[in-house]
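Heads up, there are several structures right after this.
Shared chain: subunit A. Partners: subunit B in the first complex, subunit C in the second.
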Partner chain A sequence: MTPRTVVVGTGPAGVRAAQALVQAGVRPIVVDEARRDGGQIYRRQPEGFLRSHATLYGSEAAKAQALHGDFDALRGQIDHRSETLAWNVTSGQLHTVHTPSGCTQTLDFDALIVCAGATDRLMPVAGWNHAGCYSLGAAQIALKAQACAIGSRVVFMGSGPLLYLVAAQYLKAGAQVEAVLDTSPALPGWAALRGLLRRPRLLLRGAALVAGLRRAGVAVLNGVLPLRIDGTAAGGVSGVVVRDARGAERRFAADAVALGWHLRAETQLADLARCEFEFEPLSRQWLPRIDDCGRVSTPGVYLAGDGARILGADGAESAGRLAALAALHDLGHARGRALFAAEQDGLKRRLATMDGFREGLARAFPWPHAHAAGLPDDAVVCRCEAITAGELRRSVLELGSQELNRAKAFSRVGMGRCQGRYCGHAAAEVVAASARIPVERIGRLRGQAPVKPLLMNTQEVGDGGCDD
Partner chain B sequence: MGAAMTEALRSDVLIVGGGLMGATTALFLRRQHGLDVRLLERELIGRQASGTNFGNVRRQGRALEQIPLANRARAVWGRVNELLGEDLEFVPYGHLRVCYTHQQAARLEQHVREVQPLGLELQMFSAAALRERWGIFSDAVVAGSLSPLDGHANPRLAGPAFARAAQRAGAHIHEHSEVVQVEREGGDFVAHTVDGRRYRAAQLLVTTGAWSAHFAQAFGEPVPLDVRGPQMGVTEPLPYAIGPSIGVSTPIETEGLYFRQIARGNIVFGGGLKGPASCDPVRAEVLPGNTLRQLRELRRFVPAFENVQLIRVWSGIEGYTGDAVPVLGPSARVPGLHYAFGFNGEGFAISPGVGEVMAELLATGRTSTPIEAFSIGRFAGARQDQAITT
Partner chain C sequence: MKQPMPGGGGRFVRLAETARPAIALCIDGRPASALEGDTLLVALLVQGRHLRQSEFTASGDGARAGFCLMGACQDCWVWDDAGRRLRACSTVVAEGMSVRTTPPASPWGETGARP
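Presenting the complex of A and B:
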């Protein structure tokens, strides 16, 4: 019998997973929230936009073009469900909703390959609740999908490769870049360099981005301590204040700020599928435990791409293919087994290189956890529920929370629309520091359905309005 | 010398179970009777049924035998913030029950007449009056009854707040202290916890929710207890507009539904079929099909909900007795042993009443509130000959 396979996501990992399944003679269902394939990094512009691949993707144009072309070639051989949110997963079943119509469906699967990607990892800064604060990813989507900037005078603050990439893209698009403020030190340590040198060309491209920004006269500061984002409720952001590496306070006027501290994996589906998680000390976050093929503790579920480990787009392509072939191998699918046997060693070698680079990045652009722990009491940590660092500390010091989910129950942190995806890491640092417990022992916010907010206009297929 | 060898910790009363019933009993034992009390909780206070329920402070719609207990509880809710020195978000904005059929409306009217002599005043509303007053209901709603002095509170905060107040009043609260065995020793109860400690008291209250059947069985009093979980959900925040807690009254289980709006603006809802749950492993599921059915029923009830987003669902572990009546009061077999469990998903509202009644019983051997209908003795039958444990 043909195995029932479902792929979630059509970024680099999802496309390569779907392609591998098709090559093995399987017709997968491919679910994606977006209207078009490509995921985040290779996001396709809306129909009617005419920018070339070279304009949109720069040095990565060839890879983007290949991925888009290969996905287009799969049409007819896959069951592609775009604008479809996988809102929940239970044993052997993925629960989806077609967001424009509200039509829901339950997809039975033998293998589920989750390629859910990543979001920015955000660190609260006092004042980040003012209008005009965006994540780096959102700032980039504004450019890619809408051909507009988030403001007329933009400050980029955070750390990680995306900080420089998006700032450079804004500069190229003609936006006014006021400053690039990096919380990481200017020179990465030896351990970081060793990892980064696993992919020397990529390292050089990063260095060129920084040099380009400096040549254009953009203030690029390393080793900053974010102090606050100035602004008003009526007017939004008016400036960013940091302490520079020499200890001097610096203010940059701005009407928009893009923030991001590298990336965090989108792990809600893995969590709802009851995958075991493990604490990854380098980036100080909980990640699903995976083997070298993307298998997790829940049989029939596979993870690939940045939703499992932040390896970037090239790594995602390899991981997506490997996870799909591993799934077919595990199901005893003859052609899948043959492909898996032929390709697994090569794919794993590539992934090992990518993983070394991932470690290098994590060391070069560390999560500034002490900053979270030291946030002023009146700084908002959870923007959905407007919960301040002080309220979180009160849930520890007065109400006795010694665990993150307890702090959530008492304070509402992480209970809002994003369910702690954007504040959860910082909240864990605040609660851990306040309780004087190492962050790996403070627990992790449990995932709860729906994966993303679900409009209550749902109707089940067969209800009438949802019949094909 | 290992912990197991140390002397047992003594108290007048030992409470096994740190849900709302145990926490409220501990508080009132200290505050109203001055007894020495220890409470043993297997994990954290108020995590399961006590912390994950809807938060209804509802008297109407209960079995008539529960109304005096519910009235007593309501009196505590009215002064709960002063009692605890903390805000449990209790709001006395009423509880409204509506229905879809005239047959059901007749049942609501009958209930209004039945509870009136018990001290609960309800008001009937026609469909037109409902729409005029709240303006949110669909044409499917034909009538409703309002209990104007009922309301709702925050269950996430309640259990831990009662336990903290009990602790401040001198009770000993031991979290992460799972009881593995209870022995009788010279007329006392001796409870052994997983960490090897022993706790000794002349009186024991078993109030461990869905875990209680296990203890009752060990004392020779088996109770049919089903383990299930409520199917809860919450929407994004909306402008604050709905005061009362609102439910559908229906004999059809899949139509069951209730919701309330909290001060933050979110709509909390639940009702309908329960989800699967178990004590070991500790797990309670929200079935996706149940959530989708609730969304459908919510729109049937209040059409405007179709423009609102659901942001989170949850469940917890609840105990349901075979006859849908709680188990409350002294053991029918073992002197000094008491029970409070099996609240069938509607224990939150009556919890402070249960705490006062149990404290009174433990301290004085009697209570002014009628609770005979809840005696565990009603299940006694074929098992009468079984020996008392150890």
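Presenting the complex of A and C:
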């Protein structure tokens, strides 16, 4: 019997998972919320745009082109459902909605491979609710998918490799980059370097990006403490104020700010599938517990790519293929077992290298949790509903919340439009510091269905107007 | 022809791909233009400074212009003439599209419910 397989996501992990299934003779259903494949990192520009792969993806152009080409070649051999949101998982079933039509479907699966990717990891800064503040990923999407800059004078603030990459891409595309403000120290420690040296060419490319920005006259500051984003409720952002490494206050005029502190995994579907989670102390975030093939505590469910571990695009390609082959192996699928036996060692070795590099990155560009815990009371933590750090602290100090979901119930932080995607990690630090409890014992925001808001026109198949 | 929204020039700046065909749309009842392949968010922000007003203005919150551009934050909701909600970052503009940056009076329209 042919196993019923469903892949969520068409980024690097999802595409390689789907490809592995097809190569084993299986026809998977492939669900993705976007119109086109590629995920965020290799996001494809709309039809009618003319920029080359080299312009769009720089040093990663060949990989992007290969991924797009290989996915195009799968058409006809997979059941690809674009603009389709996977909004819930129940036992053996994935629940989807085609967002333009509102048509829902329930997909029975023997194996579900979730390649849900990641979003930017955000730390609130006083004033980040002003119009003109964007995530770093947003700044890159504006450029890559729409050939736009997010403003006429842009400040990049946060930490991690994407900070320098997007700033360099903006500079190259002709945008005005006012400053790159990194909360991490200039020189990574030895433990960080040891990890980063697992991928020396990537490390050199990063160093070249920073050097290029400085050469172009962009102010690049390390070890900053973000103080506030100046602006008005009506007009939006007008500048960024930080304390530099020497303790001096510095202001950069800007009409747009791109913010990001590396990435956070999209784990809601794993949560709804009742996967066990574990606290990862280096990056201070909860992640689904996976084995070296992407298996989780729930049988039949597999995770790959940045939605499980932030290994980046190359790691995601390996993890996607490995998870798909492991799924077929576990189902007793003969061709899948043969491919798994032949490839698992090589794929795992590659992933181990990527994981060493991930550790190096996490040490070199640490999540500045003390900044989050020390946010001023009047700083907005929840952008969705303009809820401040002070209100969140009150839920601990006056209402006795000693657990994050309880603090959420009292304060509404994590209940808004984004469902805690952008405030959740900082909220945990604020609550933990207020309650004087280590952050790993404060709990984690539980994923809820639907993982994103659905419209009231959502309807069951057969309820008229839906294609099957 | 561009019709700048209040606040002057646009927030987003086009850096390339400007030779695409223009298409006509309507923003808050006023004629406007965009380029084929634009998302609604880009079409609105190359000629305006924001997409909508925060519904939490009592907390001192104000204009909003989107945040993640990848469909995760839901900050960029606008509405069509029937009051249906559109996520501007993942909606592609179409010729003759008419959008509103203020929510409809009826909360049932806002949910996108069909009559």
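Basically, the second predicted complex is superposed on the first by the 466 of 468 C-alpha atoms of A that agree within 3 Å, B and C clash if a C-alpha of one lies under 4 Å from a C-alpha of the other, contacts with A are read in each partner's own complex, and residues count from 1 in each chain.
Simple rule for what comes next: a residue touches a chain if its C-beta (ideal position, glycine included) is under 8 Å from a C-beta of that chain, and two chains touch if they have at least 3 such contacts.
Keep in mind that this is a model prediction, so the values were computed, not measured.
J.: What is the contact status of A:M415 with respect to subunit B (first) and subunit C (second): first, second, both, or neither?
T.: first
J.: Using the touch definition from the top, say if A:E385 reaches subunit B (first), subunit C (second), both or neither.
T.: Both partners, subunit B and subunit C.
J.: By the touch definition at the top of the document, which applies to A:G151: first (subunit B), second (subunit C), both, or neither?
T.: In the superposition, A:G151 touches subunit C alone.
J.: If you tally the residues of subunit A touched by each partner, is the higher count for subunit B or for subunit C?
T.: C
J.: Return first, second, both or neither, reflecting whether A:L455 touches subunit B, subunit C, both chains, or no partner chain.
T.: Touch status of A:L455: both partners.
J.: Tell me the contact category for A:M1 with respect to subunit B and subunit C: first, second, both or neither.
T.: Neither subunit B nor subunit C is touched by A:M1.
J.: Regarding the shared-chain residue A:A248, is it in contact with subunit B (first), subunit C (second), both, or neither?
T.: neither
J.: May I ask you to decide whether A:D120 touches subunit B, subunit C, both, or neither, giving the answer as first, second, both or neither?
T.: Touch status of A:D120: second partner only.
J.: Take the contacts of subunit A with subunit B and those with subunit C, and give the residues found in both.
T.: Shared contact residues on subunit A (touching subunit B in one complex, subunit C in the other): 385, 417, 453, 455-457.
J.: Could you please specify the touching residues of subunit A with respect to subunit C in the complex?
T.: 33-35, 40, 45-51, 99, 102, 119-120, 129-135, 137-138, 141-143, 145-152, 173-175, 232-236, 255-256, 266, 380, 383-388, 417-418, 421-422, 452-453, 455-457
J.: Which of the residues in subunit A come into contact with subunit B in the complex?
T.: Listed in rising order, the residues are 87-88, 90, 93, 95, 104, 106, 385, 399-400, 403, 406, 409-410, 412, 415-417, 419, 448-450, 453-460.
J.: In the complex, go through subunit B and note every residue touching subunit A.
T.: Within the complex, subunit B touches subunit A at residues 44, 51, 156-157, 160, 164, 234-236, 264, 285-289, 291-292, 295-296, 298-299, 305-314.
J.: Can you name the residues of subunit C that touch subunit A in the complex?
T.: 7, 11-20, 36-39, 42, 46, 49-50, 54, 56-57, 59-75, 77, 84-85, 90, 92, 108, 111-114
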